[in-house]
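Common to both upcoming complexes is chain A, partnered first by chain B, then by chain C.
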Partner chain A sequence: MNRYLSGAAKTPPRKSDGLTGVLFALPHLILFATFVLAPVAYGIYISLFRWHVLAKTHPFVGLENYGAALSDDIFWIALRNTVYFVVLVVPLGNMVSLGLALALSSVRRWGTFYKIVYYLPVVISIAVVVVLWRWIYNTEIGLLNLYLGSVVGALRSIGLPLPPFEPLPWLSNPSWVMPSLAMLTVWWTAGGNMVLYLAGLGTIGDDYYEAASIDGANAWQRFWAITWPLLRPTTLFCLVFSVLGAFQVFGQSYVMFTAVQGGPVSGPARSGLTLALYMYLQGFRQYEIGYGAAIAYLLFAIVLVLTIVQFRLLSSQGEAKS
Partner chain B sequence: MFPTTCRFSTSFVAAAKVLYGCAPFAFALVGLSLWLGGCSPPSPVTNGSVSAPSGKTVIDFWNGFTGPDGKAMDEMVRRFRKANPDIEVRTQTIPWGTYYDKLTLSLAYGGAPDVFVMHAGRLPEFASFGTLQPLDDFYAEAEAPWEKKFAPVPWRATFYEGKQVAVPLDVHPIGLYYNTKLFKEAGIVDAQGGAKPPKTFDEFIEAARRMTKDTDGDGRTDQWGFVFTWQRTNWLTIAGQFGASILSPDGKHSALDSPQNLRALQLMHDLIYKYKVAPKPEGVDAWLAFRQGKVGMALEGIYMLASLEEQKGLPFAGARVPQFGPIKAAWGGSHLLCQPKGIKPEQGRAAWKLMQFLSDQSLIWARAGQVPARSDIRSSPQFGALQVQTQFATQLPFVQYEPLHPKSNAIFPLIEPGIEAVMLDIATPQEAMRDVTRRVNQVLERP
Partner chain C sequence: MRNLLRRSQLGLHLPMMLAALFFLGPLLWMLSTAFKAPADIISGLGSAQWIPQPATTENFRNVMGKAEEFPIWRWTANSLFVSLAVTFLVLVVDSLAAFAYSRLRWHGRDKVFALLVATMLVPGQVLLIPTYLLIRQLGLFDTYGALIFPASASAFGVFLLRQFFLTIPMELEEAARLDGCGPLGIMRHVIIPLSKPALATLGIFTFMGTWNAFEGPLLFTDSTLMRTLPVGITIFQGRYNIEYGPLMAAAALAAIPVTIAFLVFQRHIIKGISLTGLAGR
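Right after this comes the complex of A and B.
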């Protein structure tokens, strides 16, 4: 028990304490209410109207926008694509982040430098990231196909029975689009979770590893017996927030496909169309912001349910551990 | 719950420490990367001075000309400034990809420019919501017999429900670009030995077949007779030639599943899979391939001319679109100049002056790869000296726009994936268009 808590226990709380607390919270509360709560509430209101940005009148339609979204097959395509993206990005991204953190925690020299290098993509704007990766993914002159081609060429030259390398259409074949966006996202975001994993690793005492080494455990056994279980809260936290982030994927597909003129909107055969992007297209390309808001609240409902499930999972894990 | 949260907060503190420890390095590296990336501090949004000297009328002019056309437009505006010292024009160039988003919001919630560019295919949408200022009074004031000054197709596109709301600047039709070197190599030449562009479908297929080949013998075709570029405009051209319309005459239903359109789509499909003279539209940057000299023919808008002219050592020329179907047709667009509804009279007059000036100066505009809407400029000898422009301009009488319908912008995102599915061989034309028709009808029925 720390001294603040013990101090609070001695003197009974006074009424003015509550007021002081409110006053301290007020600046943030005002900003939060103005820029988050009010727009959120207004969004619900808008979603109940047929609301074209340029129209003079906005007739009330009740839940019609929600019904229209649920019976709109493009909404379901977007949802399917989004789930596919989450399934690709969350496990892969967390594995990469954890791997980087493990590698970096054992680096003795230049540790800070490497941390920065791997963290750096996180601070780059998505527009820049996409421009970079559009070139990497280019079918004819891209870096990725160049490397793959030379690897396949090398393997063939040592006698492996491989077919000649066909350049892969990373961004133009519908089946490749989501994996390509996922790879890009992992590269872009892995540094964020890496820092959390590094911090988690830092909270595990060296004595556990020492004891295990004395008992003759090898690196693999030490990882599974000590690191992995003790890192669990961090892992769960990272997973939860990765899922929430991945569900709202927007910028990657928007910059890659939709913000350019003449291309197929969000990828060949709608393969890069995500829910957040569909909401944007309806709201800000078709200017049907009532319909767009309804899609936004459906996405919100999905994410809310997932969050509740995951926090249940988290808290039960926490209780089991303590 | 509590212990978990506790451990989270400690791990957050630790994470913050990790980041904090890195801060000096991070600043240095971020600074370096920004410097290498050539980022500059944000510049003010307008080119002109924010507060004009007193007595000057300030007008804002928005357009999306970010390429070589932007340079030509800047030159025209510069001339206007010189000729009209009492008017301050503040130009803002916004890439087309986000141009209409910004324009729409400004028209809805304030801050709209005094003059802005609008594509003919988008005009009915904006006009139907009453966001465009009628210009009939200005047209009536001027003495010229206006409709004789402009080509009929863009002139008609400036009206919405009887009111004239725009000044037509140009027509930018699609046409055939062809690589004269590949034509000569394949022996497709006229009596004088010059490259001979195809006029009929048979000539087109013959030429495309002769130019499609595997030049390095690795078993993959690496030189193509033809490529599809922007599927929307390529399709609108071929479908138009088969007499297909996108909407029913009353504009209430999709006509995309008509036999004419299915024939057009089948032909596009066959060029790839039956005649094998065009690559599948995936993994190929079609326009880049044409620029690199690996493609014999492509259909593209006249506005792409500048990108070919800057390609060193590419021998090319322009011609009319060959006849794929029985009817003469070629897709085209037009840049129209508009004013926002409720513009102040003083701004309105200055804006009208600018609109007229740009129209008068459209020879400069033509050089950047456009066909002026103005008939007097098109018949001038200076325009006649532009090979590609004059060739493409011969199609003006039968240029077809996207449907001039308020929902045009809403239905193309539904049509394009259908065309794409046919060209990727994922769906037959019937299947694809049945699907598209259902979706388009839904949008048209929506009030």
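Right after this comes the complex of A and C.
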């Protein structure tokens, strides 16, 4: 991130362009002020009212919505599920991305083919991704259980003492729901970070590795002594944005459970309820838009704290070692 | 990096092939299911086949044949129009702004730019409820404006283009100025021609991002005719809960255009990400 924030503008050594500059910036500023800046402020305002969409009046209640959220058991369920999702997706996803990037940087042939295939899911809409994975996760005839069944069957036929295969309840058992959503999310997003890691690896000079090889370091040692420390800026960038993205998880639960008729709107036993989904359900299903806004700002506060903590941890480590 | 694993190319291809299967398999399965007859999808024999036998377009006809309830062509047209409009608007508005932040001097410029950068860490979810109310108050709810304007307001493109414009040598601009070019002329004759890679990257990502956008179109529209493809798919799923043939056909129809766009532009896209640190967000 730091490299993106630094770099002062090199301005021509002449007098101010005055109004011209403002005029050039204005079209974007109007859009930005209306649909980014105003909503950020307006959201805080909304969250201070008991604001029901259909009600004529909305009384000012101060911080009551925030207090209500913090003493709302369902809010805590949503927070716990979201944290669980983040804990599953961020480390696993980044390990997969880094692994793929390492493999891509070492392979001599078909690199472009692999790169395209690994990246392909990233360009597909979350709606399509979830509809597809709901089919793959189908307990009776889904692809995943079909293949797991054949693998177990094959292992049993060669004499391994395994119990007969029971189809796994990917989406119907509450304890399986978040891992299932995490797996499809890793499938969907790993390619994005992979390309960033690959770019990061490209900046590390080959001479480091050659020197290490001459010193007799094996691949494992070379990774921990060279790649890992020199890749830190990329890792920080990927982690910060993975956490930011994963905390906002919405489409996965919404398309999987809320948009399906007949089932519980937030998965079996609320196991698919995330903070963003709870905000949606409160704001757009219960019409309690003030409460929904308060949930959104609590989400924002958590993400902000986590981002700052990650910056502190990872950048200070970098300084200490270099 | 090449030297990290130089020895064992064969041992490298095996896990890489398995990973390729993991990423490609579900998409191929989607296509396979879309072309299967309904009976083959649920029966034991046909359900495990990757090549549908017999292959049928029944599911696609099923999807397209219910234009009243599921106007999939209208949804496709909406997605296409909105994505093109947002891309065009972002490219024009953001390059003007990026020029103002990188090449022009004006009072408060750096403070405004710092504000733009700071908002990039605000989660999109935070904006949804207030933007929804604003859109209602502006009378934009359930219109193309609701799909286009909020999607074009991000600071990201300005930031990305500004960083790129800063790398263009000042001398070129001064030469143009001596030839009598004003700010617009400098943009047209110097900055834009030299920034084609950055503009292409921003354009492709804006297009793909808008095509796939989900939360905004879900909340800022509500009539069936104003939906975009991703939201349309979920409407479709609400009805065809477990009829996976038509569902996969609809999903494939939504996924194929972006997939083709990606395959055509993949070189730009992948290079663009590494240049800009943008990973389809």
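We adopt the following convention: the second predicted complex is superposed on the first by the 287 of 322 C-alpha atoms of A that agree within 3 Å, B and C clash if a C-alpha of one lies under 4 Å from a C-alpha of the other, contacts with A are read in each partner's own complex, and residues count from 1 in each chain.
Definition applied: a residue touches a chain if its C-beta (ideal position, glycine included) is under 8 Å from a C-beta of that chain, and two chains touch if they have at least 3 such contacts.
Since we're looking at a predicted model, the values are computed, not measured.
Between chain B and chain C, more residues of chain A are touched by C.
Using the contact criterion defined above for the overlaid structures, shared-chain residue A:Ser315 touches chain B, although it does not reach chain C. Contacts of A:Ile158 after superposition: neither chain B nor chain C is touched. Look at A:Ala55: by the touch rule set out above, it reaches chain B but stays clear of chain C. When the shared chain is aligned, chain C comes close enough to touch A:Pro39, but chain B does not. When the two structures are aligned on the shared chain, A:His28 is found in touch with chain C, with no touch to chain B. Of the two partner chains placed by superposition, only chain C is touched by A:Glu210; chain B is not. Using the contact criterion defined above for the overlaid structures, shared-chain residue A:Ala127 touches chain C, although it does not reach chain B. Touch criterion met: A:Arg222 reaches chain C, while chain B stays clear of it.
Touched by chain B in one complex and by chain C in the other are residues 113, 115-117, 119-120, 123-124, 128, 138, 195-196, 198-199, 202, 237, 259-262, 284 of chain A.
Here chain C touches chain A in the complex through residues 1-6, 9, 12-13, 15-16, 19-20, 22-27, 29-30, 33, 41-42, 47-48, 92-94, 96-97, 99-107, 109-110, 112-113, 115-117, 119, 121-134, 149-150, 152-155, 158-159, 162-163, 166, 170, 173-174, 183, 208, 211-215, 218-219, 229-231, 233-235, 237-239, 241-242, 244, 247-248, 250-251, 254-255, 258-259, 261-263, 266, 269-270, 273-274, 277, 279-281, going by the rule given at the top. Per the touch definition, chain A reaches chain B in the complex via residues 50, 52-56, 74, 112-113, 115-117, 119-120, 123-124, 128, 138-140, 164, 167-169, 172-174, 195-196, 198-200, 202-203, 233-234, 237, 258-262, 264-265, 268-270, 281, 284-287, 314-315, 317-319, 321-322.
Here chain A touches chain C in the complex through residues 4-5, 7-12, 14-25, 27-29, 31-32, 34-40, 42-43, 46, 100, 102-103, 105-110, 113-128, 131-136, 138, 141, 143, 146, 187, 190-193, 195-196, 198-199, 201-202, 204, 206, 209-210, 213, 219, 222-223, 227, 237, 241, 244-245, 247-248, 250-251, 254-255, 259-262, 276, 279-280, 283-284, 289, 292-293, 296-297, 299-300, 303-304, 307, going by the rule given at the top.
Residues 1-5, 7-8, 10-15, 17-19, 21-22, 25-26, 29-30, 33, 37, 95-98, 100-101, 104-105, 107-108, 126, 129-131, 218, 230-232, 281-285, 288, 409-410, 413, 416-417, 420-421, 424, 426, 439, 447 of chain B are the ones that touch chain A when the two sit in their complex.
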